[in-house]
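Beneath this line is the structure, given in structure tokens, with notes to follow.
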Amino acid sequence: MMDGLLTLWRDTGIANFTWGQAIMLVICFGLLYLAIAKNFEPLLLVTIGFGGLLANIPNAGLSLDAVENAIRTANPEVLKLIANALATDWSSTEILAKAYHNSTESQQLAAIQIARDMGFENGMLYNFYTVAVASGAAPLIIFMGVGAMTDFGALIANPRTLFLGAAAQFGIFATLIGALALNWVPGFEFSLQDASAIAIIGGADGPTAIFLASRLSPELLGAIAVAAYSYMALVPIIQPPIMKLFTTEQERAIEMQQLRHVSRLEKIVFPLLVLILCAVFLPSAAPLIGMFCFGNLMRECGVVERLSHTTQNALINIVTIFLGLSVGSKLSADKFLALETLGILALGAVAFSIGTACGVLMAKLLGKISKHPINPLIGAAGVSAVPMAARVVNKVGLQANHHNFLLMHAMGPNVAGVIGSAVAAGVLLALVG
Amino acid sequence: MMDGLLTLWRDTGIANFTWGQAIMLVICFGLLYLAIAKNFEPLLLVTIGFGGLLANIPNAGLSLDAVENAIRTANPEVLKLIANALATDWSSTEILAKAYHNSTESQQLAAIQIARDMGFENGMLYNFYTVAVASGAAPLIIFMGVGAMTDFGALIANPRTLFLGAAAQFGIFATLIGALALNWVPGFEFSLQDASAIAIIGGADGPTAIFLASRLSPELLGAIAVAAYSYMALVPIIQPPIMKLFTTEQERAIEMQQLRHVSRLEKIVFPLLVLILCAVFLPSAAPLIGMFCFGNLMRECGVVERLSHTTQNALINIVTIFLGLSVGSKLSADKFLALETLGILALGAVAFSIGTACGVLMAKLLGKISKHPINPLIGAAGVSAVPMAARVVNKVGLQANHHNFLLMHAMGPNVAGVIGSAVAAGVLLALVG
Amino acid sequence: MMDGLLTLWRDTGIANFTWGQAIMLVICFGLLYLAIAKNFEPLLLVTIGFGGLLANIPNAGLSLDAVENAIRTANPEVLKLIANALATDWSSTEILAKAYHNSTESQQLAAIQIARDMGFENGMLYNFYTVAVASGAAPLIIFMGVGAMTDFGALIANPRTLFLGAAAQFGIFATLIGALALNWVPGFEFSLQDASAIAIIGGADGPTAIFLASRLSPELLGAIAVAAYSYMALVPIIQPPIMKLFTTEQERAIEMQQLRHVSRLEKIVFPLLVLILCAVFLPSAAPLIGMFCFGNLMRECGVVERLSHTTQNALINIVTIFLGLSVGSKLSADKFLALETLGILALGAVAFSIGTACGVLMAKLLGKISKHPINPLIGAAGVSAVPMAARVVNKVGLQANHHNFLLMHAMGPNVAGVIGSAVAAGVLLALVG
Amino acid sequence: MTNLVEGLSLMVIGMGTVFSFLSVLVFFIMLSSKIINRFWPENLVANETSKNNRESNQDEIVAVISTAVHRYRNKKQ
Amino acid sequence: MTNLVEGLSLMVIGMGTVFSFLSVLVFFIMLSSKIINRFWPENLVANETSKNNRESNQDEIVAVISTAVHRYRNKKQ
Amino acid sequence: MTNLVEGLSLMVIGMGTVFSFLSVLVFFIMLSSKIINRFWPENLVANETSKNNRESNQDEIVAVISTAVHRYRNKKQ
């Protein structure tokens, strides 16, 4: 019985808490607070935040696989067998864990078989992560759902707003340079892959960021996803000053012509057109753009309404829950509480700001060569962050002119930004992946 | 930077398009056109068509597994390592790919481990196919949903209509002979498995056809599924001339007695009865019939309405999306643009026609020995294709007699056809599988 | 053709029925009868019952994996190859099957590869079991759904009712002793793991019981799940006599004060509080309590209503279907028709009775030291069995006093029982798992 | 050629099985219907009354609304 | 026998843990309720007013419809 | 340092690709819109009529109900 009590005590969180875990729990509570009290992207930040809490429960091993759970026990016999399977020596559990992650697939399989034979199992969040994120499925399915929820009418009515969505992607590539430049600061060592994954935060598009990070830099996934969703939630705070800096009161007051009616057939053809261009010019963007166009075609074609309805509701909700928990499982202290995370947060803010500025400047340029007046504010919506950025544009526009409803005009660049960042992600996958 | 541009160019679709892929894209657009503009079985043809588009994006490898993607790169070093794992030599990528598919499970595992070690991954559609179709899960879950949506009242009220559903299955077995006879034509080499998988098109039942093809002849799955759904959509064009050929105007004008009321208990007992018979006489049909009866029991038992509702909506819709994409992933040029596909399309048309004719003839026979009048048209509904075939019967009946509403009477043979083809599939699985 | 007929005959259920399977079919029909006609926990008993039917179809092998299906054929060549992979001799198929289950993971993989090479496949129910139950996912997701459906208002308004939920867990540990004591009866050989898995029936909580059994004693899972849900359905019959035995008419007539209003913020803080305590004191309960609290937070936080709605509807329904079928797949004759099952059923009844009695006695004790009157009946709701037990309390209370509405007061101990048994499960996992 | 023979035998066995299976099913459906309607007949009247009750309520509501619509329109003219 | 002893020790530890855990939970629930109701009390009046508003609208609609039904029925007689 | 150069080349290629891709898309959207609106123009009138029909029915119902509410309230005063 003393044994039992001792086992139970050794098992408790108090006896095993590390400072890192405690700090991570506080950070995750912070995310939950922002989501619940401040309504910051609650669908993702509630699920990511809670996943982070679960992942940082000491001694529960929910985000570890069978081998990592076996290593965690630090039982010398167990460690010896695993080291044997990996064909390495071992001096500490950290070194063994590192060796496990760097070994070949067949060595890893051998280690897993040994861990299973000894009764160790994958943690629940690890399983969720494997099925939902490592496979790439969850962000793609979410993207399909976003496609099914997006009306491209405004973009088709005024296709030139695509240039605004293109310009705003400069935030991505500027951040890429920034991330590489950070390597001059001691303590940072971002590879080209890492830098690309970080840069995509500037795309202001959650599923794209998670998908790219899961392909290029899974270690940084947690920090990147948190940064992406946090800044998307902060759009109403980040964007207005930048928008005002680059425009005059007069420009912000410009009223735009009403958009023409877009026919059903145009809306059906649009996703197919985007898909063909993707197939012809940028196959590496096919997973993202393909699923997005599929969702949009289901929405617009009018003959599969039941599929479209389920995609926009039950399916996207289910996948969101597991995507959030899975991303949260990557918020472990050893990965998140690193200098890199601070760098990522700083770079993310830069990315959003540059993207916003480029969008606005491009809109000014476009306004000069266009017959119809263009309010430069709508360029800010080019970063995507649908539909928050468009709403911010509308609000800032109303401040300058009480009769100026820019919401519909901002929807064009807003959804253009989604396509733009998917294209940028495709380029990065093709060249860096 | 020139390197980057070159990589990107070598990666584009233009630089990699093959004629086959271009033709397949056109075919898939054709399927989408039929689905959207002509309302041809849109739930499956939109999803299959789009899956086919994605599968034929050159250089995207969405429908390939990690090893196939590694082979696709044609990097000699990579090929050497894989050939080594498969214990074969290699002269061309085609030969290596073939060797991979013909090697043992343990060799395949070794090849997969090597491909993963080198950073290759399964394409998204390949993952969907593995989870949804190769496991057999998706068609069975759809069948469960169909069971939950089917009301067997008309069949229970007039059980002899089961004979019509039985007769119409002759289309399956006649097609089986036809497929084997086609082997005399140079260029065709259908095995008994292939012929059986093709024959089931005559069952006019999508999930049954996909399930059987995935077990017996996965290579032909794409063509078989496309043929099955296309002909199901063409029922209003294929069936009427055959129905009129085998019946006189007078016969088609026969009015039938109103069906008796069927009690709730009878409807609950029915799926259990079918399951028992399946257990006793034809266990190989148990997956199909079992899931179908399970769905129907959930519908009728009245105590699990929330499960029944979800089965008929969210669940079947989600599974339909992934089933369609998975089936579409099998529409690759090398498999679809073969002589076999033409044979399959021809045989499918024959199968539907023979099934319709046999159903009608059986109904005439039944009418002669029955006390109550039987309109021979309802035999045509025996091919299944629920509920299209029953509606066609109703329409043709109304043409002959404006007061002749056959819809409810045709529902009996119509759902009987579903059970009949599941039984036929069971026989084929037992003897050929 | 004679060959074909013979194959088909050898394949039929009649030629292969064993007595055990016939009896199991009768038992499963009994479960369906209770579920449909008597409304006994229909969501689980319909699905488990039907899963049991499917699992006992002779020769269908729906609940077997590829190797077991290969062994079932009893083809000497096949058996030899498998025995070779397992590095054993073999004299009978039973011995080989046993050797397979006792061999190491790498031997099992080798056997699976051989079975696949020879064309054998996993049965459908085996796949469902692996994905839904063996991974631990399904019971945890259901628990998340239950969390999203539970209102803790009554518990927060009167937190001392948690002691009632604690006391009722004595049923669990008394049953644990009982199961071990049964080992004195010849024929019983419950290990500590088995006894713990059986004891959790006393927790009166389906997903907790299935989760613990799947971790500690998968062999007994079928019997444990059936016992747990059966007794939960029998709560209106089991509990009232015990409640009346330990209380006087006067005590049962005690009216309680109306509960105070609980604010939204209190309800949001509650799941986070429970999670922190779990993290600090009992990490082994983290999967169960974590998912439960996650569901409840989604419900209460008010910003993710679409996720909460899907969790309470589509998601929990889908998972229930596959959980039920998977549990049913464990109702095979060789495991269910054993002396152990009778022991489990007897122990389950004891567990419920002791839990009820302890809850009532604790409520009496609490009533003595509390300022406000406490009706001892509400202690019976501490076993959980939400919301049936609370309803029974209400009914028995009304019998003693027509103005005595105890439903809301019983909801406190009722949901406390859910947390209590999750804590008990955590202790068992930590010390026995 | 051998395949064709095999195919023919498959056809005979297959159609035979389909017909036997469905014939047995016809028999058992008839049997079960007879048993059920003799021993556990559905209380149609009770059922339909309760159903009618519900429906008649709905009917009444529909009637009320349509009358209202009607009167409203007549008044408009 | 050893098993029984183990079982008894499990029982003591188990019930001990359950009671300790839930006791601590009781304490923290009470504490948090006190803190919340002191520092962030729910503005019940405001909440219920907005709720009432919504509900009263519904109430009115229900009232209107039921009155219409009533009048319609009376007229029918 | 080499990385930075690579990054710069990535930026040029990336922004180039994004702009080229979206420019081609702009062109094809305009082209397809022109083709569609010339050869398969949406019969807006027909569409809107059928839609209006549905909507006008709903409008009427809304009108009836709101009138009923109105009259009911006036009577109450």
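The letters A, B, C, D, E and F name the chains in turn, as written, and every chain counts its residues from 1.
In the analysis below, a contact is a pair of C-beta atoms (placed from the backbone, for glycine too) under 8 Å apart; a residue touches a chain by one contact, two chains touch by 3 or more.
Bear in mind the structure is a predicted one, so any value in this text is a computation, not a measurement.
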item: Touching chain A and also chain C, the following chains; value: B, E
item: Chain located farthest away, centre of chain B as origin (C-alpha); value: E
item: Identity of the chain that, by mean CA position, is farthest from chain C; value: F
item: Inter-centroid spacing, chain B versus chain A (mean Cα positions, whole Å); value: 37
item: Distance between the centres, which are taken as Cα means, of chain E and chain B, whole angstrom; value: 50
item: Centre-of-Cα separation between chain D and chain B, whole angstrom; value: 26
item: Residues of chain E touching at least two other chains; value: 8, 10, 13, 17, 68
item: Where chain C touches two or more other chains at once, by residue number; value: 4, 8, 281-282, 313-314, 427, 431
item: Residues of chain A that touch chain B when the two form their complex; value: 104-106, 109, 135-137, 140, 268, 272, 275-276, 278-284, 286-287, 290-291, 294, 297-298, 301-304, 306-307, 309-311, 313-315, 427, 430-431
item: Chain D-facing residues of chain B, complex; value: 155-156, 159-160, 162-163, 165-166, 169-170, 172-174, 176-177, 180-181, 183, 192, 195-196, 261-266, 269-270, 273-274, 277, 281-282, 416, 419-420, 423-424, 427-428, 431-432
item: List of chain E residues in touch with chain A within their complex; value: 8-10, 12-13, 17
item: Complex contacts: residues of chain B adjacent to chain A; value: 4, 7-8, 11-14, 16-17, 25, 29, 32, 35-36, 39, 42-43, 46-47, 50, 53-54, 56-60, 62, 110, 112-114, 116-117, 121-122, 124, 127-128, 313-314, 317-318, 320-321, 325
item: Touching residues on chain C, where the partner in the complex is chain D; value: 1, 4-5, 8
